[in-house]
Each structure stands twice: as C-alpha cells, then as structure tokens.
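Order of writing sets the chain letters: A, B and C. Residues in each chain are counted from 1.
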Amino acid sequence: MSGPAIHVERLVFAYPDGRQALYGVDFTVERGERVALLGPNGAGKTTLVLHLNGILGSVAGGSGSGRIEIGGTGLHREHLPVIRRKVGLVFQDPDDQLFMPTVRDDVAFGPANLGLRGAELEDRVREALVQVGMQDHADLAPHHLSYGQRRRVAVATVLAMRPEVLVLDEPSSNLDPASRRELSDILTGLDVTLLMITHDLPYALQLCERSLLMDGGRIVADGRTRDLLGDAELMNAHRLELPYGFDPLSVPGPEGR
Amino acid sequence: MSGDGLLVPVDSKVHRIPAQVKIVALFVFVLAVVSTPAAHFWAFALYAVLLAAAIVVAKLPLPVVSRRLAVETPFIVFALLLPFVATGPTFDVLGVQLSQSGVLGAWNVLAKGTLGVIAAILLSATTGPRELLAGLERLRLPSTLVAILSFMVRYLNVVSDDLHRMRIARESRGYVGGRAGHLKAVAGGVGALFVRSFERGERVHLAMQSRGYNGRMPLLGEVGATRAQWIEGLTISLVAVTVAVAARVVGL
Amino acid sequence: MLVAIRSQQAKNVRVHVPDGFFDAPTSIATGLIAAGAVGFSLQRANREIRETGPALAGLTAAFVFAVQMVNFPVGAGTSGHLLGGALAAALVGPWTAVLVMSTVLLVQGLLFADGGLTAIGTNITLMGLVTVLVGYFVTRALLQVLPRRTGSVVPAATVGALVSVPVAALCFTGLYAIGGAVDIPLGKLATAMVGWHILVGIGEAVITAAVLGAVVATRPDLVYAARHLQQDLVLVDADGNTSTVSPDKPIAAKPAGRSLGIGVAVTLIVAGGVSLFASAHPDGLEFVGAKLGFESAAKGSAVAGSPLADYGVSGIGNAQVSGALAGIIGVLVTIALGLAIAKVASLRKAS
C-alpha cells in the first residue's frame, strides 16, 4: 500500500441543523508522523476527525463535499469497513466510547466486529488492557471507573483493533498530572501514525513534532509545533494561550529524543 | 438511581443461579401466586415462607427488601379504599359498613402485590444488570430490544447525573422564581437534557460505527444453564405451583 | 398556575400496576397485546434503528426514566409524574417511542422491582402503548390543521399529552371492568379515574409543552413529529460559493400517517366498546364467554388438571379459563383486524 496515512482535500461539511462546521480543509499526514490538531472551541476539530473514518460527511449521507484518502484508499462507501479498521478514533468523552456493560465487553466490541472469536478475541482484549494498565479492571462496569481509568479503557478499545492511524480527541483533558504522563508514555510507545486534537499545548509540544492549527472550519497554519507555539501573533489571532511561564523554545520536544 | 438497579453484591447460592433461570422462576412463582384464590389464606402464608427462605439463602439484608416495598404505596391506598366503595353484601365493623367482597379484594390486592414485589426484589437484588441482559438474551428476547435495554442501563447513571448536575447548577445560582418561572426553568432543563441525551446517543452510535459496528451486537450470554441449575433455580417456584394447585383442589 | 414542579431523586413512587391487581386472563391478554405491539414496533422502527443505532433509543429511554423522577403536585397532597409517552412519540416517533417506553417499564420491573412481572404487559399496554399512540395520533392530526412550521409541534403535542393521560386512565378502568378482582361501581371508578387523570394530564401537558419548546428552540431537527416541516440548508464551499441542499432526509418521515390513524381508531373503538359493554354487564367477560358458547358450569367446579384437556369434551369448566379464552380470542380478533386493515391500506397505497 502506498500513499500518505491521511490526505484531505477541500473538505466542506454542514450539520443537519444547517450549521456549517468545515469550510474547505486541506492537509496531509505521512506515515508514522505524530501531528497535533490545535484550535479554539468550535473550530471544527472534532467534526474534521469524525470524517476520517467516514462517520460524518457525504459517505455517511451527510451534507458536504471534498476528498479523503487513508493510506492511499479513497473514502468511499464500499471501503468503509477497511478504513474503519485502519483508523482508530478515541472520542472526546470516554462515556461516548464505553457503551457496553463491562470493560471486557467493551474492549472486545471492535475485534469481535472484525470477526475475532474465542481465545483469539480474549488474547486481543487482554493485550490491549495490559497496554493501558487496566487488566485488573476487566469485569467492572464503566460507571464504576474513575475518569482517568475510563479514558485509558477508551484508548484500549481502539488499540484492540490494531489501527494504523490513531486519532485522539483531547486525550489529556480532565486527567490528573500522573495519568496525563502515563497516557503520553502509552502513546509514545505505539508504532502508529498519530493525530491528536488537544488544547493542552505543552502536551502537543511533548508528543508531536508537527501541528495543524484550525479556526473557523479551516486549517490556518501548518508547521513545526515549536514554531507555531512560538509565534505569538498567530497564537493571539486564534485564541490560543500558553500556560503561564511556559516557553516553547526552551523545553525539549519529541525532536530531542 | 444507579445503573446497578437493586443489586446487593454478596456471594450466595441465589446470586450464582443463571439469570435466565431466575427470570423464569420469578415468573412462574408470581403466576402461581396470582392465580391462587384470595380466600385461601394458608396458601399465601406458605408463599411468604418460601420467599423468606429464599431471602435468607440469598443473604439479603431486610432493610433492602422493606425499603423497596414502598413502590406499592398507591395501590395500598386503592386497596384500603376498596372495602368502602365495593358493592355487594356488607358487614358492620365499629359502626362502619364494610363490603365483604371489598375486604377480600383489598386483601387480594395487598397479598398478591406484596408477594410479587418481594419476589421481584429477590431477582433484582441478586442479579447484576449485565447478567439480567444476558438472561433476557438467552430467553430469546429480540436482540434489538436487548441492545436498547443494554444502552438504557449503561446510560441511566450518566443521564440521571446530568439531570442532577443541572438542578444543582440552577439552585446554586440562587434560583427562586415563582411557580411558573420554576416550571420554565425545570422544563428548559429537561429539554436541554433531551438534547444532550440525544446527541450522546448519536455520538455513541458514531463510536460504535468507528469500531466496525455492522448492525449486530455481540452476544453477552455465552454460557447456558445446566439442567441442575434449572432444577435448583425452579425449586421454590415449583413448590409454589404445587401450593396453588392444592389450593384449587382444596377449594372444591 | 396549577402545577409546580419539584425534581425528586430519592423518594419516588410510580403508579405501576402490581401483580395480582388484575386477574390472570386480563394480564395474559394485555401481555399478548404488549408483545404484539413491541414486535410490530420493532419491525416498523427497524430502518430507523439501523440508521441511527440502538444507542439512540437506549439513551432516550434513559432520558424518559430520569424525567419520570420529576414529580409535580396534583392536589390533595399527592403528586403525579411525567409518563412521557406523548413526549417521546413527538421526539422520536411512535414506533421507537413504544420501544422506549417498553424498555423503561422492563427496566423498572426487572432491575428496580417496580411494577409486577405478570403485570408488565398491562403496564406496557397502558403506559407504553396507549399514551404513545394516542399522543402521537392527536399530535399528527393537529399538525394537519396548524400552520406548517416546526413550532406548531409544541401546541399539537401539548394537546396530545393532555388527552393521552385520561385515555390511559379510561383504558385502565376498562381493564378493571374486565379483570378487576372486586366489583366496584364502574361509573364512579371511571369518573374518579378520568377526573383525576385530567389533572395529571394537565401536568403532563405543561411539561411536554415546555420540554418540546426548549428542544424546538435549540435543535428543531431532532423533533421527529416536525421533521417534515424542516427547511433547506445553505452550504458554503471552499471557494465561497453557496448552494442549497435539503437536510438529511428524515428517516421514514411519515411511516405512521394513515395506518396509524386507522389503528388507533380501531383500538379506541374496541376499547371503548369493551368498557361500555363491560359496565353494562358487570361480569363482562363471563358474559362474553357464555355468549361464545363456553357455558361455564357452576362456580367452584374447577378442575385441577389441565384445563385444556376438558376443552373439547365438556366445555370449559372454569370462569377464569373461559374468561382467558375470551380475552385471547378478543386479542387475536383485534390483531387480525388490525393486520387486515394495515394490509388493505398498504395495498391501496401500492396501487
């Protein structure tokens, strides 16, 4: 298979209530890249990533136009199963992602849809839970887990499908510092293409060499994370603010590793 | 309300019986109770003894059972009214005319309703939601219905918490207002709650689709019940059926 | 203002029929009605559920469950709570609403021991089926005459909610006439039930109006009963050109229409007829049984063995069994009638 991991061209989309969220989005992510998707609230980030595996947009019967390719495969109705196997999406709210009665059922949901059964399925579930350190909680109900634990299980539900492209919607929000660091350890240990929406700019700098900046339904900047974060004018224009005392030019990033 | 229902998480013989067996057992038991003529008081005493035994075996604390009996209240009121409103021959108690059939009817409603509730508490206190769903699935409830049930149970807490948070937010802003204002605030909140629930439903569906959902939910209940488990689980119900039949025969 | 509302999480009493309140034949008959209704709704809602997912129905059920905990005082120190049938019908459509209400009642019965297990059919029939269908039918009927815009759904569903509750109470009275354990003057019962539930219905209507109003104001596209009233969308593309597209096609926007109307009408006529008949003849079903030829032998000659064993031989020797048979026959006739009418309607539409 050839072609970039993600290729998006002139993507336009309006929600059924008439509100337009994307006004022509273009970008490309190469294989193995780790890219952060930044932007203020309501910029259209979530809307954009929901297009990447065809759950929003014209393939899903919505109002919109444009072109998306994943690993060289065009996003058409007949390719949806293949695309959904390749692109793993972790939702913003873990309560949206964890819908089965127990953690085990939930992690098994994806692989079971891929056709895995029996011992193979069990192994896949255990492996994913071990990756996020939740193997001892397999029989609990999601609402008996803490928020950080739910977030980790949500990541496991997607890892269990062994995606080539991992897309995360605000993975570090609402996590305490230790869970935040543990999650970044998990993510850096994975051999996948990563696209991560985040408002946590130091996190973006730590994990992703490159960033896309989105506002008003368009990509307004694309470049090295360090350069974007260091551009005070750009940051101000799009309501992005660095934490107090944080200097993007002086901390080590992923390039340093 | 919790998505766990009334589950009392202890380990007992009753807890270990597969859910499908317990559902059938409950149904048979209640059917036996319901079809027993009200005048056979001894039969109801026997049913009560059977239930008490089951509660002891299930290690259920009494307060759990008694607290839940409150759900009956409106019908207790109805039952207590019956002796005064029912037609037919009457008799005199302390100067009050009571209808004979009304008194019997009140007893009928109270006894059967109470036994039914206690039996249902026995099921819900010993069976977790997941097992219950798996049991219904084994009993061939349509899979779409099982799926809807499962989502409802999963999101009961989430939605109730949303409602609760919205109320706290409203009250903590010192909301008073008149009755009409209050109504508007609550209803607006409920409207927002629906939008939130609906949107969550859409997002959950998206999350399912992005993990390859193809219209069929994976099965929950992979294990069936053995014959021994069926026999064990149905013991009490079969005794109850015997009692019910005996009551009919004796009543000849 | 008649109704004030207070949300109440902890102590909450719902008016679900318990076990043994109605006799066994009534419970069985309503159980069959409920099973038939759920099966039919599953079939009708199939396409919707395939497209929007079972999660949506499940979350709507969780919503109805939560909202049923909002109590409002009716008077004389008692309180009512939202049943939500008419509201659910307006929001997600009648067939999904029947499934939603049934799910709520099943969960309440199985998980919370609320509402008897043998009475689940009765509860689904009264609170899941009657309120939904009556509410939706009235709503759709009013939408025909109200101005063609999304906002009209609010007054329409309000009246639907207002009507749905007393009608459910009337059906309850009808069931009591057929299968109540004790004879009480039915006229009085009906008057009391309906009068009382008109008050509850006003509460239901006020809440339904306010909730629907809030939804219409924020997400009018979500209101099923108003989807056919939506306007086109304007889309701006990457080069700034605009174009107009119709919103996502409403899924099965008019599934109900005529066949639902006919169904409700038949149900109401049958229900009304039965309750009138039953009130004229206190032992309604036994009378039916006798008329139908199941001559019941002297009371108390019940046979403990299999009642069906006697069936062809000496007639049915038990008032309850004959009652059950009459009930089942009644239900089957109703279902057959309904199916026949639906068939005719669909044939007519196809041609």
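We adopt the following convention: a contact is a pair of C-beta atoms (placed from the backbone, for glycine too) under 8 Å apart; a residue touches a chain by one contact, two chains touch by 3 or more.
Which protein is which chain? UniProt says A = ABC transporter ATP-binding protein; B = Cobalt ECF transporter T component CbiQ.
All of these numbers come straight from a predicted model, not from anything done at the bench.
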Using the contact definition from the top, classify how the chains connect: line, ring, star, complete or other.
complete
With contacts defined as at the top, give the pair, A-C or B-C, that has more of them.
B-C
So the centre of each chain is just the mean of its C-alpha atoms; given that, what is the distance between subunit A and subunit B in Å?
42
Between subunit A and subunit C, tell me the centre distance in angstrom, where each centre is the average of that chain's C-alpha atoms.
43
Subunit B and subunit C have mean C-alpha positions lying a whole-number Å distance apart equal to 20
Multi-chain contacts in subunit C: which residues touch at least two other chains?
55, 219
In subunit A, the residues touching two or more other chains are 99
The positions of subunit B in contact with two or more other chains are 129, 150-151, 153-155, 158, 200, 204, 208-209, 213
Subunit B residues within the subunit A interface of the complex
3-4, 129-130, 133, 150-151, 153-155, 157-158, 200, 203-204, 206-214, 218, 220
Touching residues on subunit A, where the partner in the complex is subunit C:
10, 12, 14, 16-18, 20, 23-24, 61-66, 99
What does subunit C use to touch subunit A in their complex?
55, 219-221, 233-239, 245, 247-249
Going by the contact rule set out above, which residues of subunit B touch subunit C in the complex?
1, 5-6, 23, 26-27, 30-31, 33-35, 38, 68, 70-75, 82, 85-88, 99, 101-102, 104-106, 108-109, 111-113, 115-117, 119-121, 123-125, 129, 132, 136, 142, 144-145, 147-156, 158-160, 162-164, 167, 178-180, 182-184, 186-188, 190-195, 197-198, 200-202, 204-205, 208-209, 213, 215, 217, 245, 248-249, 251-252
Would you tell me which residues of subunit C are touching subunit B in their complex?
1, 3-5, 7, 9, 11, 13-21, 23-24, 27, 38-39, 42, 46, 49-50, 52-63, 65-67, 69-70, 91, 99-100, 102-104, 106-107, 109-119, 181-185, 188, 206-207, 209-215, 217-219, 222, 300-302, 304, 320
